[in-house]
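This is the structure I have questions about; it appears just below.
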Amino acid sequence: MLEADNLECVRGERRLFAGVGFRLEGGELLYLQGRNGAGKTSLLRMLIGLLPPEAGEIRWRGVPIRQAGDDFRAELCYLGHLNAIKEELTPLENLLAAARLADEELSEDEVLDALEQVGLAGREDLACKYLSQGQKRRVALARLVKERRPLWVLDEPFVALDVAAVDWLAGLISAHLQRGGLAVMTTHQAVAIPAGTVRELRLS
Amino acid sequence: MLEADNLECVRGERRLFAGVGFRLEGGELLYLQGRNGAGKTSLLRMLIGLLPPEAGEIRWRGVPIRQAGDDFRAELCYLGHLNAIKEELTPLENLLAAARLADEELSEDEVLDALEQVGLAGREDLACKYLSQGQKRRVALARLVKERRPLWVLDEPFVALDVAAVDWLAGLISAHLQRGGLAVMTTHQAVAIPAGTVRELRLS
Amino acid sequence: MLRIVTAVVARDLRLAMRRQADIVSALFFFIIVVSLFPLGIGPEPDLLRKLAPGVLWVAALLATMLSLPRLFADDHRDGTLEQLALAPHPLGLVVTGKVIAHWLVSGLPLAVLAPVLGLQFDLSTEALVVLTASILIGTPALSGIGGIGAALTLGLRGGGVLLSLLVLPLYIPVLIFGAGAVDATVSGLGGEAHLSLLAALTLAALGFAPWAAAAALRIALE
Amino acid sequence: MLRIVTAVVARDLRLAMRRQADIVSALFFFIIVVSLFPLGIGPEPDLLRKLAPGVLWVAALLATMLSLPRLFADDHRDGTLEQLALAPHPLGLVVTGKVIAHWLVSGLPLAVLAPVLGLQFDLSTEALVVLTASILIGTPALSGIGGIGAALTLGLRGGGVLLSLLVLPLYIPVLIFGAGAVDATVSGLGGEAHLSLLAALTLAALGFAPWAAAAALRIALE
Amino acid sequence: MIHWNSFSEFLAMGGYGLYVWGSFGVTALILAVEPIVVARNRNNTIARLKRQLRAERRITE
Amino acid sequence: MTDRFNIYRYAAPSAFYPLAGAMVPWFAAAAVLFGLAGLWLGMLVAPTDFQQGEGYRIIFIHVPASWMSMFIYLVMAFWAAIGLAFNTRLSGMMAQALAPTGALMAFLSLWTGALWGKPMWGTWWVWDARLTSELILLFLYIGYMALVAAIDDPRRADKAGGLLLLVGVVNIPIIYFSVKWWNTLHQGASVSLTKSPSMAATMLWGMLLMALCFWMYSIAVALIRVRTIMLERERNTDWVRETLEGDGK
């Protein structure tokens, strides 16, 4: 479904990597590894089409993503290291607005349910700026609960989460894979994803 | 050396904790635990005097820190979850400026040496905005290399670091404890600190 | 298509309401700047009446401009902009929504307030009507053009001032026609010609600016 | 003590140089606002000469004010401010350093440029000298008072406009004496009295403002 | 002792009626409306707090 | 803790709340009485001014409003200083309760002054020093209210607002003395403690009674407002719960 050929990344004067390629099918997780600064985030941003690669091509369902455009983006869910939540809005408002902007149908009940799953029951109506680091991250992750788009791209999703939340998220990713979804992920924490095929790609 | 009595923290309407107290001597590490939103960051900010506690008192060498003021701050080194580096400056400039503002003597050679230790050799002259997440964190941590002040307060220092850097930092903290320093730390990652007495405090 | 635009407008308006201060303070900035001039220049009514159109329009322009840096900056900083760029519809629509919301928060209140301030400068009723109309018609163009500037300077530190630098030259035609309309009315020539030119400017800006801004945003995100 | 102040000044100046855009753009903002007025008002030389002191001073004031929101915001956002507040010396000294740096970047260049712009308005040599002197003497007060406003609104979203609201009323005396000095010179009364009042204002602001701002910063960091 | 000869003279205020009554009218309006707003505000707050208190009780019981 | 509450007995909201509640009716009644007496003297009894005709009667609200607008700001600044020095909870609430009334007084001063200026000076507004500084005072009130509203944590809001009040208080002497310092259109103070008043006795009494009326009115409104703020702020304390379980009085 998602293929990358011979990707090359140059930042400033520095060639971060070259000749990187892979092929990912439904139910598979690509686990991107590499030391700090190896180029993992850069690679992810290429995959979602925000950073044009120096060389090489990325295809989704056989079509180069530049060409696929909105069709590709309609099947993509990206979670960067920024949380993409508004500090002034409450978790509830944040998730509703995000859904509406991504053109998804999501009822208030569904959102409340998602928030409860991420352990934010009782904080639905507190502006996000008052939340702790980990709680903010949880709001961002709550988007994934009802997410049914096939391709998930996650940049260090486990950062700032406590142990219980890490387990919960690992379970959520497994369920996504079992539904036949694809995921690309980076993390420096060793977290076991119980289900799905895990492929590793090491940048160095 | 560092004592806290009966601390109480109220944020908004919510009482996060009450009756928290501990006593920390040289060579000891206080490892603060608790789920997301338990109040770890809030407690750390009380300890360094940025957040006045609702009730209770914090003493350093027997003197309440409000009273000790600059004397206390002269012995304190804090590392929050923000990196406190300027994106426009290079790592070298950042560290030199930080040292000068903290009123410490630090030569350029010492700084270069510290940067090499954190694995940023070759990036001394690249503006920090081009660095990866983990590399930025490393710049912030490089401040600790030459740091000889007795009390270190670290909020989630391991976030965004790769495995090698985590080990290195654990070693650095150990060395600090062996020199008779104190440290207070939070982290959700299980990291073993080889030396020193580790005390745990669980907020819930 | 319309759904996206309204969704963006609704979200931005809610954010503005939440911050409350925003709307009120843009207005007060307008009031204060307008009141500064007589202080700097002195209290002769005749002189002040001559200045009125220019001062009011320059103040409106500055008030609109001041809120521009935050048009995309907040969304950029917290990662929302990335998500908007990844949504499966043209980014230009999103920008259109943001521009409309910006105008509702920063342009519309100015038009409401302008006649009151005009009184301080002793303007005639007719001149006040034309003043209000010109601000009502002209400010959408300011928001639209400002959007391009805001997108171009996004993420550049020191963006705020750089932004003014980019945007002000483009604002000058709006200023000339806007103040010109009031001036023409005051001197009895009738401001219709100026107003229709202003309307043309606004239409052009609203049709074209969002797409230029969207392109600039994609570059800023690379 | 002095070491801390100079360290802060040095760091802030280096940052400003790195961003380059900053200095140049504050200047250009000044130039553009000053040039907007003749456009909004029309080109009669007599009228313009009367306006000159007011317009130049209002523009200087706005240019200084525009860069205020970022006085502490950048340091706040990236955590540097916490570190500064934890350093073992009075926070007021750090703020003094930042205020000085702000003036060097935003006030001083205005004073250098003011005479050139004054020429556009057909001012006499004497008036130009007084104009320059008044801006040179008055802008440090603007930076100092602005520091308080910037500290009070730190971390509040929508702070930029709220900041203007808080700071502008306090700027008005500076504006009145500054423009008054030039006005008095133009009308042959001599601007010394105004200038010495201005100097008194500046001294008071510089002595007092950094400590008030430091107190506000501690509140913002809670 | 009363200075006016007739009510209409009182209303006219020696030709300054518009200005005098404009001042007194707006002042009276504001001094009347402010207490009403303040009192309403107070009642609303009390009602809301009572509601919250009851809800809280119900949860803890 | 307890001994501190003894020292600042009425600085504790729980003690001040009932006290304030008991005082409100008295101040309200006094305001009405003084107001009626002042209006009777000023509107019905006082003679025509030989210069300004009947138009001068605006003075009976213009001057009290102007005085109150300055005085309330001073009181707020006083509370702010207390609050910053002793960290009492009550002071911030008092300052906040006074602000809207102060802003309204400043507005009334401007409004009545403008209505007075049109017949006397021929214009609604001149950029005279006193008028301008009164306008600045209005902005300071609004700035204070906007700042306090923008900060959600009430204690932080109190501290930041208090600081602003103390900084802005320099404007008060400027307003008061502006007429002396700059020789302008606006008339100088005609009531002073040292000199004997230069106006007719009935006018003077009318004005003083109206000033007392405004004074009582402001206190009454501010007390009601501060009681509301107290309930809101301290809603999680026992005394508020008990109060709410009663009738809220």
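By written order: A, B, C, D, E and F. Residues from 1 in each chain.
Operating definition for what follows: a contact is a pair of C-beta atoms (placed from the backbone, for glycine too) under 8 Å apart; a residue touches a chain by one contact, two chains touch by 3 or more.
Predicted model, so just to flag it, every value in this text is computed and none were measured.
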Labels of chains that are neighbours to subunit D and to subunit E: F
Centroid-based (C-alpha) most distant chain relative to subunit B: E
Homomeric contact subunit C-subunit D: same or different residue positions, threshold half: same
Chain pair that, of all pairs, has the most C-beta pairs in contact: C-D
Averaged-CA centre spacing for the pair subunit D and subunit A, given as whole angstrom: 45
Geometric centre distance via CA averages, subunit C-subunit A, whole Å: 37
Averaged-CA centre spacing for the pair subunit F and subunit B, given as whole angstrom: 49
Per-residue multi-chain contacts in subunit E, two or more chains: none
Of all residues in subunit D, the ones touching two or more other chains: 19, 74, 156-158, 162, 165, 168-169, 172, 222
Per-residue multi-chain contacts in subunit A, two or more chains: 87-88, 127
Touching residues (chain side subunit F, partner subunit C) in the complex: 123-128, 132, 135, 139, 142, 146, 149-150
Footprint of subunit A on subunit C - complex, ascending: 3-4, 7-8, 10-11, 14-15, 18-19, 74, 77-80, 82-90, 94, 221-222
Residues of subunit C defined as touching subunit F within the complex: 19-21, 24-25, 28, 32, 35, 38-39, 42-43, 45, 119-120, 122
Complex interface listing, subunit D residues touching subunit F: 148, 152-153, 156, 158-159, 162, 165-166, 168-170, 172-173, 212, 215-216, 219-220, 222
Contact footprint of subunit C on subunit A as seen in their complex: 48-52, 70-71, 73-74, 76, 78, 80, 82-89, 93, 97-98, 100-103, 127
